[in-house]
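Common to both upcoming complexes is chain A, partnered first by chain B, then by chain C.
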Partner chain A sequence: MTTNAHIEKKRLETPPATIKFKIQRREKEGAPAHWETFELQYRRNLNVISALMEIRKDPVTIEGKQTTPPVWDMSCLEQVCGICTMVIDGKVRQSCSALIDDLLLASNSDTVTLAPMSKFPNVRDLKVDRSKMFDHLKQVEAWVELDGSYDLGPGPHISNEVAQERYAFSRCMTCGCCLEACPQYGDDNYIGPQAIAQARLFNMHPTGKMTAEDRINGLLGDDGITNCGNAQNCIQVCPMGIPLTKAIYETNRDITVNALFGWLKK
Partner chain B sequence: MASSGLKIAIVGGGLAGLAAAMKIAEAGHEVDLISVVPVKRSHSVCAQGGINGAVNTKGEGDSPAKHLDDTVYGGDFLANQPPVKRMTDMAPEIIYLFDRMGVPFSRTKEGLMDFRRFGGTLHHRTAFAGASTGQQLLYALDEQVRKWEVGGKVTKYEGWEMLSLVLDDHQVCRGLVAMNLQTLELKSFAADAVIMATGGPGMVFGKSTNSQTCTGSAVGACYEQGAKYANGEFIQVHPTSIPGEDKLRLMSESARGEGGRVWVPRDPMDARKPKEIPDADRRYFLEEKYPAYGNLVPRDIATREIFQVCLDGAGVGGENQVYLDLTHIPAEVLTEKLGAILEIYEMFVGDDPRYVPMRIFPGVHYSMGGLWVDFEQRTNIPGLFAAGECDYSIHGANRLGANSLLSCVYGGFVAAPSAMDYAKNVERGSSETNGVHAAELARQQEINDSIINSEGGENQYKLHEELGKVMTDNVTVVRYNDRLQATDDKIREIQDRFKNISINDSNLWATQAVPHARQLSNMLNLARVITLGALNRNESRGAHYKPDFPERDDENFMKTTIAEYSAEAPVLSYEPIDVSLVEPRKRDYSSSKKKA
Partner chain C sequence: MAVKFSKTFLLRKLHQITGIVPLGMFFFVHMFTNSKAMNGEASFNKAVKEIHDIPFLLLIEIFGIFVPLIFHSVYGILISAEAKPNAINYGYGRNWFYMLQRATGIFLFFFILFHVLNLRFGLIPYLNMTPVAGNADKAFAIVSAEFQITWVMALYILGILATAWHLAYGFFLFAVDWGIVIGEKAQKATLAACLGLAAMLSFVGINAAFSFVRPCGLMPKFICEETKKPAPAGAAKF
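The block that comes next holds the complex of A and B.
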């Protein structure tokens, strides 16, 4: 049955006249970082990106110093492409869906702090290079093997239950929040939860299953799944609610079953 | 792997570009894939509702022929019909292919793919994966192309922006020049053929439902170099978007497909909460006027009705907003079928649409116009092909919901063999050595240098805002000739001022200022094509509506508008269309349509 109870969103009742944005700046990779603060008039319905757009138009710091426009990445502006991820008030998340009112309400202040993700090369200001995450997808062969893309009729029958479970994994937008939060991830020593979950996505598919071993093999190396310390930080920051710890658990289970009985007997 | 010696460059890694890349790699040829953003982050991820194909699993007697009819009828008889037929015929196999690639489509009890209804049809024809179908389809192609990348057939250049084509002395396309967005390095990509798959131009309107990368800039560059641009004036304004500071977020048509109802209080100033307003005091204006299709009339019609209601002061609270109401549907059904899009509303507005009717207003959404192509996706420039939202070929005067993802994949699947055929037969000559690449590189470097050195004081972001505003005000839902003329004057004024911009960024490393300036310059050219195309078309058809010319005029305007660049103004001409398959008839959605 449906319940009509739902929680009314808490709103910022007494907004400040101006909002400050404290932004970490870096000229280019390897250059030292420093902070600059900008000030904007308060407006309702601002998000971090519209604030950055406003600042970029005329980049003058709160001290009145003309400076370079902050650089960041953006595309979809609706939290589905993952590109705009950064660390906002200490928490890794997408800047397009970070509403200023909510941030001020949570921090009980008039300042929003923006920094780039720390686990990836920092290209400039708030922009990072996450190409490593796409390499990880190669390592776990995150695709279904097809005989060809020509017409071979429909795919296998699949229950809606399995389809929905796979859908939950398939929404991963490679944003990297989970890697930023994972205490084990860094310096290339661990492939991280995102790729494990993607391996799981294909190992759950009737066709994908047939090559499950290749995917698992990609997770058995030095940087593999055993590095996970089960800290569960990843799942708490994932904006898409990907069941990451479940993926890790089930993949570990598959590996154990394989070690005991071999793939063919499974 | 043995190399075939053919190299095809694809610009853009949305659905269309990836579809083409997969086909070319599979045929054993090499692909350079150039994209502004990592391809997995392309705008196609935004598509929510689904993809059409007359798979007919619901015992409704659906067929590709009916899909063809719905598409050309919905498009108000402006599309050439043969490619539409080829697309609707191919649609079921395209959907099956995605099924085999592992897209988690929603399923029926039997474990088959489920289909939902979308606008402009009476059939359940739309396959969907939750409410993020575009994301799921794009990921499936991204995965397959990654496999080819590992196999050495596809080389990706992500974080590169195409600036221009490399044309030889005979106006044959020999490759392209792109800019590295980190270093600003320019590089020429030699190729036997080039496929443009760069998506739509929503940013010309400032705020739209499109991603920030949808500038149309690359296509604008091709146009300036001699590619024909067709039907530019046909811009789809989606009936239901969520107005925002930075963008207009889409509320997918699937909300209405699943039973969402559009209404306004009979008294716009009704102070009661929407749920407390009884049916008798509500006006379901779409259902009243269009009993057969109700809330699922085609987009152009829904948009105009909502726009008009608000113009008449009958919007909620007298403002530019109407209710889109789902609250009569059980919350868990909504969560399963529409979860992702309802989250977007909740995330950005704060209210939970499962319990509170949404407030929506129309927003610029899609360009039916684009690069002119023939029935094999060839542009008028030899060696240059186009596919996806950046080509004009399928949707006529108005696109039906869930037909775009289909047309993108179809376009990629046709452009790929077409480009390979061309590449096999093209005279190679000495284009490599006769200096055309070096010359184009030098020309592009000069443009960059002049932007970097310009210190006239104009602010390019403010110019872009001015462009967006004037385009949104005058070249969207309702169009008047005097305002269109004034808009063109304004665009030319902005073009003049553009010559005096200052980029305001002394750090050129990974700067966004230079790419934005390049984009803006191309957007201004496209804006003129859109505006003057609209000015010249004195009729109303699909998304193009002029109160002074309210009727469709087949005799004079059942023709493709073609714009060709000249420094003075776009040169417009008209090309007859092929209506050999479905006899044109008047559109009427107040009753279910019968044969012509």
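The block that comes next holds the complex of A and C.
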């Protein structure tokens, strides 16, 4: 996005009087899902979260049926925490930064469809349990060992180039967009781009490099990096613009050179 | 590096390499041989005869073609079964290519089965029943008779297009999966080269197929050997 893209942005010139929200509801994990539609008066500058808050005040469906207020997760409201991620009009993204005008312009309709991410356990309505991603981080040991029984001294310097690249990977907010859009991710058979990029982040760190092998081992299992199908949806949907495919392919090179052909050095 | 390889990891790497080294190589040779039909019946039959004369042919056929082919296709179908295609909602180019790689793979499983039974073994009822293998002198005539049937010709053209795409895009997938190509710019350049290769292989393959029903296939006749006039006797200086 160019820096002044917000100036050139298209505006919804003739907005509809009311907008409809088609929301996937589920009472609790394991319960059957169903759809409910709500109607709201249109006003300027609505986003998905402000619309949901409006619906929550008086949860009556379009058929006039009184229902429970929809449940969703939210926190920062500025697209840096990742918790409000959901599937909006078929595409995964953060609901706080999904502006209603943009959605209506893109779909050319007066309806916005909201569903929870499908690749995570659905706790209730639009809320999912994303703890699987934290298990992935443990699997690839996405941290740097700093503490010893003695003073380890100052760490080595990092070149500006490496620091820049690591910064891009460090922006991951564990939102789950890449996993939701990945056609290979699901049923626990692939660890997914999120953890691979974090393994790369810590393998690039001069101290982290010393335990790179442990992270690579975490990616060589049956659910490892090799299950990547190169559909590259991850890099398209990542809200932080993280070079996820580069992380995957750099790691592939690491594995080819050091692991697959490592025996040639012996 | 004390690394632990999982079964899945090794099978995937084997799947990637079998697609390129024995099968990709074989496809290039196959299209080269087919293209000899451009120069007419004698030229093609001679090429088939030369293949028959390759030493250790049976071993090469079994371990260089059939074993890798069966592994690559069966494991490829297992990989395809894991896919959860979503190109309707996420209609990005590479996502369609991801789907197309699986779709062409499944189509090719059935097409190659048909093709091998049809021409190599001559076992498809109501079609050709003479195997090309062992009948080099009849090779051109067998293929030519098959390709007169419109739906057979159409099926083979589809098969050639699918193989050309699957192999060319397979080169791109191999390059990224083995960490040869990494950055986005390099990916773009590699993909462009692979698309060019797909176009070239498609043309060469389809042209060769047409050579069995029309001299010189789709190319102007003057470039093919058989139409050239034989050199007058005694003209050679040496």
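Here, the second predicted complex is superposed on the first by the 244 of 266 C-alpha atoms of A that agree within 3 Å, B and C clash if a C-alpha of one lies under 4 Å from a C-alpha of the other, contacts with A are read in each partner's own complex, and residues count from 1 in each chain.
As a working rule, a contact is a pair of C-beta atoms (placed from the backbone, for glycine too) under 8 Å apart; a residue touches a chain by one contact, two chains touch by 3 or more.
None of the values given here were measured: they were computed from a predicted structure.
Contact with neither chain B nor chain C is seen for A:40 once the two complexes are overlaid on the shared chain.
When chain B and chain C are set side by side, the one touching more residues of chain A is B.
In the superposed model, A:90 lies in contact with chain C only, and not with chain B.
Once chain A of one complex is fitted onto chain A of the other, the partner contacts of A:81 are limited to chain B, with no touch recorded for chain C.
In the superposed model, A:105 makes contact with neither chain B nor chain C.
By the touch criterion defined above, A:184 reaches chain C but does not reach chain B. Judged by the touch definition given at the top, the superposed model places A:164 against chain B, while chain C stays out of reach. When the shared chain is aligned, no partner comes close enough to touch A:12: not chain B, not chain C. Shared interface residues of chain A (contacting chain B in one complex, chain C in the other): none.
Those residues of chain A that touch chain C in the complex are listed here as 90-91, 181, 183-186, 189, 213, 216-217, 220-224, 226-233, 236-237, 243, 245-246, 248-260, 262. Of all the residues in chain A, the ones that touch chain B in their complex are 2-4, 6, 9, 11, 27-28, 43, 45-47, 49-50, 53, 56-59, 68-69, 71, 73-83, 96-97, 99, 123-124, 127, 130-131, 134, 137-138, 141-146, 148-149, 151-155, 157-160, 163-164, 166-167, 170-171, 173-174, 201-202, 205, 207-208.
Within the complex, the chain B residues that touch chain A are 22-23, 26, 37-38, 40-43, 45-46, 93, 96-97, 99-114, 129-130, 132, 135-136, 139, 143-144, 146-147, 149-150, 158, 182, 211-213, 244-247, 249-250, 330-332, 336, 340, 344, 347-348, 350-352, 354-355, 459, 461-462, 504-507, 509-513. The touching residues of chain C, counted against chain A in their complex, run 1-9, 12-13, 79, 82-86, 88-90, 92, 94-95, 97-99, 172-173, 176-184, 187.
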